[in-house]
């Protein structure tokens, strides 16, 4: 981790609370942003995949950035998701977010069609040539055309406005290859991982930070993992990373993405509302089990006084006797939940 | 092929011509639609994947449907692509297209996130419950969450407004499974294949028609293949199908989809303009070779007088001596083109 | 289907009965071969994937070919599976099978490592140069390195001993591409499909036959499907193909491959014994349901008097009132079985 | 890394030198083993995927274990690859390797068919019940049926003879899940990674060692990486890991696996002979470039006096001025090689 990179630390790809009519719940969004900043995240990343950017209209996406920018008031950096229907619309979004403030940084990805590396290059090159704001490449092969190593290198070499990559593949060797290809020529270029379950090893092989959905649920733990890892307290970091894998797996596999995360944020005391993707009757997230898993996890790492939505039927401390025991308990709970979800066909 | 299905024959997923500013070229689009209808296609399918619906804004997508509806004036059926950002916006589009005329039929697909079968069901169920217009399910696993057989069956059983499925997977056995699961209860439910390269066998195992991108380039050939197949002239049909595979492969693998199709329509005498996906300098489609392949193919099947964009440097007839010879020539040309494209890294 | 190809019709990739010690049950294998020939299959294909060639030792594989050759006595053609550990051992097998009789034809595939097209070519080229017996390429991408179209073409052009390809991918467009690439120069080269669920459309686009596991269970039906298709009785053929998809899906998805086929052959009156792949306690194939599905299917197509292992608790005729009804019954049974199997986690 | 696990450190999945007739070159194999042990590897792993076990006969596989056992004479531990055609044959191999000496440990994997988790469990359970020797599970999803986390846990819980897993997937999060699932109940159970490119982060999240093909080429570097990582010298370790990624990528992508490794061992002064998988004329590994990459890499880390096959046309030191410079040089060379290989269609 070099000290002069442009982006560093934990960025939260924040969810968007909705009201009973399904519209953006602005007061709750503002309250949620304040809470995330208070809990220690280094930045916010509105309109990412976790923030369901594709399920909002163009106007709503702009409104979300406006609210986040206004509420943040420069306290933390903002990476504004800026993927629109085509290059022209994306550049328009970049220009608008640029007006909103100097700290904002646009992230773009490409949707739907499977593009060849040559086309991925051409797409970002066109944006890189015309954007007034710094651009972070966004690689998420499970949802969009992958950005391969030679393309990252070429864009980094040719476009000074391209300043970082956010990679959600979880492929640690590919991350090494990208860092090898880019860092010698662009030492300030930043590498962020979007795969929470590998945050610690990603930081250890050279990443500068992460855009991690779990930081929207347990920002104190994600921040702790970052701090423990970069300060070399690896035994402690490993335990937090292992627990985060358990939590991440529960949230990501227990419901349609990102509904597990929406349910979990509810448990932290927010009202996320009903998501925009309709759910069939069978798809009800088991909040009780998720609640207990969250409670255990937080109490175990010393965040016991945190309310989790009033549903904490656990007495709070019985799991806290010994570290080993607790982890197994969490694990047992998680396995029970997952088994139950599988039984219902939700996984 | 039963006679009472709601949708039958060849529907063209039409491309959209753009002018020099990158905006919709309305006069050329109207001219193109007239030509397609004159060449015999049974219907039009604007705002499909071939029509690059994701690269247009909401307003542009509506304008495309308006132009197509107005120009068609009821001569052929229209399947209007209606996939929008979320269920609410999609239903709004359905309502608007419903107002444009009774014959219009909406097609919806779901983008970006990988959805479980339960969520795919919930999504279409919500639409099926609220749409004023008939809905065709659109299964295109290479770009969007697949719609599996039990989900198709369940939606067909529960939603009378769901009247057809358009499947672009090219998986013939899955098509058999879908027909087996749905036709006994919904004999009028239509099955359309979007995979041109398997049109003949798909019709032979029970499909009612196709939404085939090649019908936007060689509508006379796609229509001929349909007619030969449904009238049982299989030896002739097989030869046309084989040639269509060659042409389809050339267009789909010689350039980023759907640019090969855009270039080919140019060769038929239209001005498609530059597409919205930027191309790098290396990605120039070899129009000369594609032109020659098209010319050969058309002349071979008796459509020799057809101009192909003024660029026919071939004398038109040297390839026409014997059927066998021509096919091999076409094949040789195609292989040369593809080899060259591979050499340039375009494939 | 040209009349002068070297291989034509339905070849059964026969299973191998085992005795109570897990060794080859020779008398039962001989009885099974006689039955298959009597039921009308055009050839046998011992030591294929269905025949679990990888689970036998080198010596056992040779013994299987000896028994099949001896029992067949030239009544039908034999494709002898000849894949061994490396080129030298495979050529040795080819030589041995050549000695066993002129009609034998070797099939080779390559295991384990993912090979590039260049290596697949080099491997078959080396065999093609040294084999005394005709060779059928065996493409089964789900289990082994794929043989792509240019490689098939190159081997067909360069090796006269390579006389056919057996393709188990089920990809009908790829089959068209292979036929286009090879048939003009090698009109006698044979194309066989190993994907039973697409046998009819594969024959209609130009295949010469199939190596179909279902022909080891219901040889009369697979043969009937072949005969109806090549004689142009497409409506009848389609119905048989649809039923075969149902049966094929039941056998292939209801148990670990090829155990569903082993169980089904038991129901036809043979004693296949316990397979060599151990099964956990949960993995017991539901023979009662499979038995009923088989019984229905056979009776429906006029093969009612056929005993199916003495377990036919159905009275034989209640399902036979109307064709439509029967098919739905079969379908209902199949769905019940599959649902049950899914519940047990076997699928 | 706990101190009481049964297997720890770097195990070399050794290649097998062949003579001009293609048979095992015993003297060279013995010389190679001595060299590996002298260079510091903690163990040997004959008959792994790198050792091309599937390309040898049963008798040859036994002979390889005999030679390795005899030459090692207890100096380092041996994991003997023991995958045979079926359970019975595999258990026979286990019994034989058990007789050869107490330190030998069998590794088994399952080939060809895609098995369900239930069948993978049944297979290993049967072996675990009958083996006289400790068994290491071998998970290599790119070549064989994957062993999922619940199956590893179940086998670890039920079979005390199952003492370790070797995982070649490179999936670091899955490794975390396996360690979480097994270590609480079986603290001595060992986790080895077979993916060299992720060795450092795998050790940091809790692995006990690796079975790494690169340790057969640069055993001093792989050992150095292990030592630096476990002693917490992470900045140095990271640099070695990055270089190892470069070398690993060169060897694994520059030729058909494992031919890049065979060529590289030749460069270290051994005569590996021609491999058993035939190569087409185009597939000649560019030894000059590989040689230079190896030379640079070794000299850079202080192993400059090492002969690399007499082909070192580089003067040995020009790249050694500064660490940064060298890495870029290596990188440039590697990129040139890979580009050239791509041009030739070898990659």
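Residue numbering begins at 1 within each chain, and the chains themselves are lettered A, B, C and D in the order written.
Simple rule for what comes next: contacts are C-beta pairs under 8 Å (C-beta built on N, C-alpha and C of every residue); 3 or more make two chains touch, one makes a residue touch a chain.
What you see is a predicted model; the values in this text were computed from it and never measured.
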item	value
Chain D and chain A - chains in contact with each	none
Target chain C, source chain A, minimum contact steps	2
Taking each chain's C-alpha mean as its centre, the one farthest from chain C	A
Chain centre separation in whole Å, for chain D relative to chain C (CA means)	37
Rounded Å distance between chain B and chain D, as computed from the means of their C-alpha atoms	49
Contacts with 2+ other chains: residues of chain B	none
Chain C - residues contacting chain B, complex	170, 172-173, 176-177, 179-181, 184, 195, 197-198, 200-202, 204-206, 232, 234, 238, 241-242, 245-246, 249, 324, 327-328, 331
Footprint of chain A on chain B - complex, ascending	22, 49, 54-58, 85-89, 111-116, 118-119, 121-123, 125-126, 142-144, 256-257, 276-280, 282-283, 345-347
